[in-house]
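In the two complexes that follow, chain A is the common piece, with chain B as its partner first and chain C second.
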Partner chain A sequence: MTQAALEIKDAETTALITGSEAIAVACKLADVDVITAYPIRPYDTVMQYVAKLVANGELDCEYIVAESEHSQFEIVKHASAAGARVFCGSSGVGWMYAFEALTVTPALRIPMVAMVGNRALDDPGAFGVEHNDALAVRDLGWQLVWVDNAQEALDTALIAYRVAEDRRVFLPCAISCDGAFLTHSQALVKIPSSEKVNAFLPRYDRGDLLLHPDNPITVAPQANEDWLMEIRRQTAAAMERSYTVIREVYRDFERIFGRSYGNPFFEEYETEDADIVLVGMGTLSIPVKVAIRQMRKEGKKVGFVRMRWFRPFAAEELAKSLGRFAAVGIIDRDFSLGAPYLSGVLATEVRAAMYPSAKRPPIPGFICGLGGREVTVPDVVKMSDIVYEAADGKAQPLTQWIGLRE
Partner chain B sequence: MATLTDVQPIPKLDPFKGVKKLPLEEFFTSGHRTCQGCESALVMKMMAKAAGPRTIVLGSTGCMYVANTTYYSTSWVIPWMHTQLGSSGSAALGTSAALKALMRKGKMKNEPINVIAFCGDGGGADMGLSAISATLTHPDYNCLILMYDNESYANTDIQLSGSTPYGAHTTFSPPGKMKRIMHHRWKKNMAGMLAAGHPTCRYIATMCMSYALQGMNCVRKALSIGGPTFIHSLDPCPKGWDYDPYLSHEMGELAVTTGVWPLYEVEEGVVKLYGKTKEIAEGRYKRGQVREYLLKQGRFAHFKDEDIDYFQSKVDEMWEKWLIPGVIPFRKEVEADSPAAR
Partner chain C sequence: MGRLFAVEIVYRGIFQKTLAKNISRAIVLAAHCEGKPGISFGRYGDSPERNGIPAKSFAIVATDDLTLEEGMAKYEPKEVDISIAVDDTLCKGVESWAWYGLQPINRLTKPGGTLIVTSREQPETLIPMCHRKEYPYQLAIVKGIPSFSGLWVYKDDHTDVRILGAIARLLPELFGLESVQKAIMQEWQDPVKASSAARSYERITSVTVRPEQGNPEEPYKFELPKWWEMGEGIAIPGIAPGHTMQDPESQKSGGYQPARNPTFKKFTTRTMRPVVNFDTCIKCTLCWLQCPDSCFDVTPEGLYDANMEACCGCGVCEAVCPVKDCVTMVNEIAFQDNASQWEMWRKDKPVYQAWLKEKIEHRPERSHGFRYRGQYEEQVPEMMEIAREDGA
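After this line comes the complex of A and B, so read on.
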C-alpha cells in the first residue's frame, strides 16, 4: 500500500443497517463478481439486500438464484476457479446440504467468502442461533470467524477477502453472524469509501492457478496414496500461514481505515484485574458484558474473552492469556454429543489449547442459548458463580447446561 | 455499467464437412487409463477436437475423471477441472458466469471461450439432474453439459443407475435363484425430458460416437448456438456391458439400428431425427430386432425369451405409440382412452 492511499479524502458515511445488510454492503465495496443465493432463514436476508443492490445497478455481478445449497456453493466454487471474486452463504441445515461442496472448496484452494447466519440444525425445527452449522467444517480448511455487531460484520467481510485471497493462504473464509441477534438487528455502521476499500483490497489474482485456455492446467486430478498426503500438507501449511496473514491484514486495516480491533483473534473485556473469565463467541457477548458490569459493582472481578477467529485457532496466545486467571468458564452455543466430558466444541478446543501450558486453571464448560434461547444476565451470573467455585477448588461438573427448563 | 443481461461472445463453429476435413490437433491425448474399447474416452477425444483449444472442460466424478486424470499424467491439453458427482450443471454455470462477469467488467479479455461440463449417467441422470435442470433454465450463460452414458456406475464396479436398461445384470442387480430380473425400472428418457421441460434451452441432442462426425457436429452446434445446451451420448462399455472390447463400435451401431437408441436434435424447439434413426423413421432402413443387440452382451445373458419380448415390446411402443417416436413418450388421447363416464 502506498502513502497516497492514506491521503484519500474520507468519504465515509454512516447508516442504520442490520448485520446482513452490512455484509451486502461489503460485497458492493469489494466489487464481487459472482453471487449465488438460495433461501433459508436467517442468512437469506443478506441475499435480499444483494438482490436489491443488483436491481438498482449499485452492484455489478452475476447474481444467480440456485436450486439448492449444494449447487449454490458449487457454482461460486467454479466461478472462483475461473478468476471471479465470489460470495455465498447459508444457515443451519442449508449449510449442511452444501457439505460436499464445502469439503472440496478449501481442498481446491478457493478463496470463497461465505456468510453463515448461524441457525439451529433440524430436527426439531428452530430458527434461532446455534453454532453447530459453521463449526461442522472446522476440520476442513475453512477459516472461521465470529462477529458480534454489524460494523464488525462489514469490516470482517472486507478483511476476509483480503486474507482468503492472499496467495499465501487461498483458503475460504466463513463469517458467522448469529441468527436474528445479528442478521436482523440494526446498528449504526460506518461505511468506508470505495477508494479506501480499493486501497485495502487488491484485485483477486488467481495467478498460475487460473482455469483459462491461456493457462491450460488440470485441476484436482486423481492423486490417490501417491500424492494425497503431500497435497493435504500443503493445505495445512496454508492454514498455518493464515495466522500470520490475519495479523498483517488487521494492521493494514487499522492503517487505512483508522479503526482498530486490537488482537484480531479474540477480544478481551475487563480482563486486566479479573479473577475469573468467561469465554464465548458471537452475540452472547452483549448479555455477558452487561452482567459483568453489574457483577463488578458487587465486587466480583469477572472478565470476558470473545473468540473471533476459531480457525485458525490462536492456541498459544489464548493459553497465555487464559493462564492468568484462577478459573475459566467456556460458554458453548453448540453441542458435541459424546465429546470428552460431554462438553461443547469450544470448551473441548480451549482445554486442548491449554494442555501444553504451564498454567492450567480449572475450565468448567457450559452449554447455553441453544436454538436461539436468550442467554440472560442471571444465566451469566450463575455461570460466573460456578466458575468462582471452581477457582476456589470446589469440584464442579465439567459440563453444565444453563437456562434449561427443569 | 453494462446491462446485466448482455450477451456473451459465442464462437463460430461450422460443422465439420467430413472425416478427411477434421483438424489434426488433439486436445485429449495420451496419459489416460481407460479400459480397452472404452467409447467414453473416444467421446472425450472427439468432444475436445470439436470444441478446439479455446475451451474449458469441467469433469464430474466418474470413469472420465478417475481413469482420465491421473496426477502427473493428465490427458487434457485444454484446461480441465474436476467437479463433484452431481455438479456438472453447477460447474458449467459457475465457470460461464465468471467468464461473463470478468469480461463485462473488463477484468478479462473479451473473447468466446467454450465451457463444457461432462458427467456420466450416474452424475447426470441420477444425482446431478437437479443442477442440470437449473442450468438449462439460464439462457444468459453459454455452456454445454455432455452426459456420457455407459449405462451404469462403471467406475465404482458396475452398479445400476437410473440410466441402466431394464433387466441388466449389474453388481447391484445380479440375477439369482429366486429372481432372474433384479432391475425392473425402464431407462430414463433424459434428453426428451430435458427438452420438454426447458423450453428456453436452444439445443438438446442425443448422439453415439459410432457415428463420430455427426457426434462432433452435435458438439459444435451445442457450443455455437448460445445459452446452455445438453447432449446425451450413449457409450458402449466393454466392462459394464460384458462384450469383447473390439465390438464397441458395432455395439453403438446396433443400439441405433435396432431402435433402442434414437438419434435426434431438438434445436430451437424443433425435433429433428438424424442419421440411421431418420432412415428408420422414414422407412428407408428396416429397424433391427433388439435380440441381436441384447444377446451380444453378457449383462443380458440371463434373459429368457419373455424378457427379450418385453424389451422388444417397450422399444416397439416407443416407435409406434409415442407422440414423437423416441423423444416424447406421451400419446394423444384417442377414442378408446376416454373414460366411459364422460
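After this line comes the complex of A and C, so read on.
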C-alpha cells in the first residue's frame, strides 16, 4: 500500500484499495478518536492499514492493541461512554471471544462502529467467509449491515457512524465484509473529500450520557426484575427508531456525496419483471448477477434482492416486495443447525417476515458458499431452477445444500 | 460481452509478497489508464505464507464493468493470459500452502498465452523444468535473480516495472507502454523506474514452447471425498511409524526412514538443497536432529541422507554441521530430480564425488533469505551486470 493510495485530498480521488483499506480510509475521514485492535484474519487487514495511517501521521487517534478481543471491545466501549468516536472489529472466533463485551454494549447505548471480516467459525480452523460470526449477535441490539464492494464499505462506514451516533439510536453497528472476496481484493474506490464528510457527519455528542467528571453519572449499575424489562424496552425502542434514521441518513448521503444506494435496506436487481427472485447477503451478489444476466438471455426472468441491513430488518417492506414474485429462494452463507426446516438464518427470518403478508410465495432455502467456497454461476442457475419448480408447486425439501460434494 | 484479461503472479511467500502485490496493482493501474476496470488480489488460501512457500497474486482486467464482474464471479481465474514466475525454481511446479498437490507452473496459462520468468538461465534450461502442455505457449525471460524488491531489507531493483514493460510488449491488448509509464509515475513518482520499463519493453523476446517440450511427468490429480465419505469429528489419520532402509549394494537392512505424508510433500518450497559428502560425515546426528522437516533418512551404516521429497531447503543442516564442506546448500536450479544422494554414493563413490564437486561449483548464492551478512552486497555486481546486458 503506497502512501498515494491513502492520501485524501480536498477533491474526490480514486484509489486502488481493498474493502478493508476502504474501511480504514473511512476511519480517517470520520476522524475516529480511539481504535482498538487485536489481530485475526481477515479483519487484521483493517488494523494494519489503520496502524499505517497512524504511523504516517495521517490519522490522529489513540491506537491500542489489546491483549484479546474481549479487552479490545471493552476498551472502545468505555472510550465511547467518555465521548470518543471509536472503531473496532474482529472476525470469526475472535468476534466470539469478545462476546461478553458485545452483549453489554447495546444496553449502555454505545454507538460503536465495528467491522466484521466475516470468517468461518472454528473448528476446523479456516479463513473463508461464513456469516455466522456477525449473525451471532443478531438478538442483542447490534445494528448489522452487509456490503458487497469496497466503495460500499467506505460509504457504509460513514453512514454507520451517522446512524449509530444519532441520539435517537445510540446503538452499536457492525459492518460485515466477506473475508477474501472483499477484505483482500483491491478495486478502484472513490474517496470523498473531508469537507464533504464533515458536512455529512457531525461530531459525536453524547450529551447527558457523557461519562465525565463534569457530568457525574454511574453507568450500568446492577438491576433486578423491577428494572430490566423496561431497560430492554428502551433498547428495543432505539432499534425501532433506527429504521427512520437509516432512511434519513441515506437520503442525506445522496444529497451530499451524489451517490445513491436506492432503498437502504435491500438492493433489488432485475426484479421489475422477474418471475422469481433469489435473496442473499454480501459478495455472492456478484456471481448471482452474472448468472441472472445469462439466464435472462435464455428467457428465465430471475431477479435478485441483496439484503444490506439485517438489523434492523425491514420486514414489512421486504414482505411487500417479495410478495410480487411466484417464488423466492433464499441463499444463506451461514447455517443454523436444527432451525425450522433445517434452514439458514436468513431463510428463517425472511419466512417469518412473510407470514403476516397476504401474498406468501413458496420460499425454498439454500445453504451455499460456506467456508469461503465459491458460489458458482452454475450453482446460481441450479438454485433458480429449484425456485422455478417451487413456483410450479413441486414438492421439495425447504432446505437444500448447494455446491456440496454429495 | 467485452474481453477479460487475467494475469497470475507466482512468487515465494513471504519474501516476494510485496513484489507480487506491486506487480498486480500496477497491472490494474496501467489498464485503468486505458479505461479498463480491474481488480487485484492475493490468493487468500495461500496465507499465512510460510517462508518460501509458493503463493499467487492475480490481476483481472476487462474492457468494461460487466465483463469484469464475470471475472470477479470466480474465486480465482481458471485460465490466464500471462503467468509470471518471479523465481525460476518455481518452474519445477508449485505446491501452495492451500494444498492442491504439486501443480505445473503453467497450469493456468492459456493456449498461446505467455509464461514470464525472471531468471539468469536460458530457455533451454527452463523449458525442461516446466510441465508439458497440450498446446503451444510462449516463454519470455526477464533477466534477473529472484527479486526481493519491496521487502524492507532489499533496495528496489525494478523487477516489478521490468515485468510490466514486458507485459506491454507481449500483450499489447491489455495496455501499452505509455500506460505502464503513466501508472508507474502515479504509483512511484520515479522516472528511472519508468525508463526501466521502457528498456524491458524494447528488449523482451519470447520463444514458443511446443507440446512435446517440457517435463513429461503427469501432474498430480486427486478427487476430494463426498461429505458422507469423510470421517466424522474432523479427525484424520496420522502418519504411520517409519521402517528400516535397505542398502542398494549389500541388500543389508538397518537405519530408519520415517514414513511421510505421501501426498503433501512441500518440496517446491525449496530454492536450495543440501548435498552431502558422505565420506567426510562424522555421524554426529546434528543435521538429523535439527532438521525441522524430519527429512533425513538414517542409512544402515548410520549416515544421514537428506530425502528430497521432504526437504524444504531451509539450510539448517548446513548451518549445524560441524564438518567443513560436509553439507553444502546448492541452488535448486542445478538439479533435475529428487533421487537419493546416498544411493548414488553407495553405487559409485568416485562418480558421486565428481558429481558433488560439479554441483558445489555450480552454487551461485541465490537463495531466499540472508544466509550470511554481506550477501546482498555480493549480489550487487551481478545485478549491475544484468542491467548492463539488458541495456547493451
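We take it that the second predicted complex is superposed on the first by the 396 of 406 C-alpha atoms of A that agree within 3 Å, B and C clash if a C-alpha of one lies under 4 Å from a C-alpha of the other, contacts with A are read in each partner's own complex, and residues count from 1 in each chain.
Everything that follows uses one rule, which is that a residue touches a chain if its C-beta (ideal position, glycine included) is under 8 Å from a C-beta of that chain, and two chains touch if they have at least 3 such contacts.
Treat the numbers as computed from the prediction; the structure is a model and nothing was measured.
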item	value
Which superposed partner A:Pro287 touches (first chain B, second chain C, both, neither)	second
Winner by number of chain A residues touched, once chain B and chain C are compared	B
Which of chain B and chain C A:Val219 touches, first, second, both or neither	first
Chain B versus chain C as contact partner of A:Gln186, first or second or both or neither	second
Chain B versus chain C as contact partner of A:Leu398, first or second or both or neither	neither
Partner chain(s) touched by A:Val34 [first = chain B, second = chain C, both, neither]	first
Residue ranges of chain B in contact with chain A within the complex	1-2, 4, 53-56, 58, 65-66, 69-72, 74, 76-84, 86-87, 89-91, 93-95, 97-102, 104-105, 107-108, 113, 130-131, 133-134, 138
Of all residues in chain A, those that touch chain B in their complex	31, 33-34, 36, 54, 57, 60-64, 66-68, 70-71, 74-84, 100-101, 104, 203, 211-213, 215-224, 226-227
In the complex, chain A residues that touch chain C	2, 4, 16, 18, 41-42, 123-124, 127-128, 179-180, 184-188, 286-287, 289-291, 293, 372, 374, 376-377, 404-406
Footprint of chain A on chain C - complex, ascending	25, 28-29, 32, 37-42, 44-45, 47, 66, 69-70, 72-75, 186-189, 224-228, 234
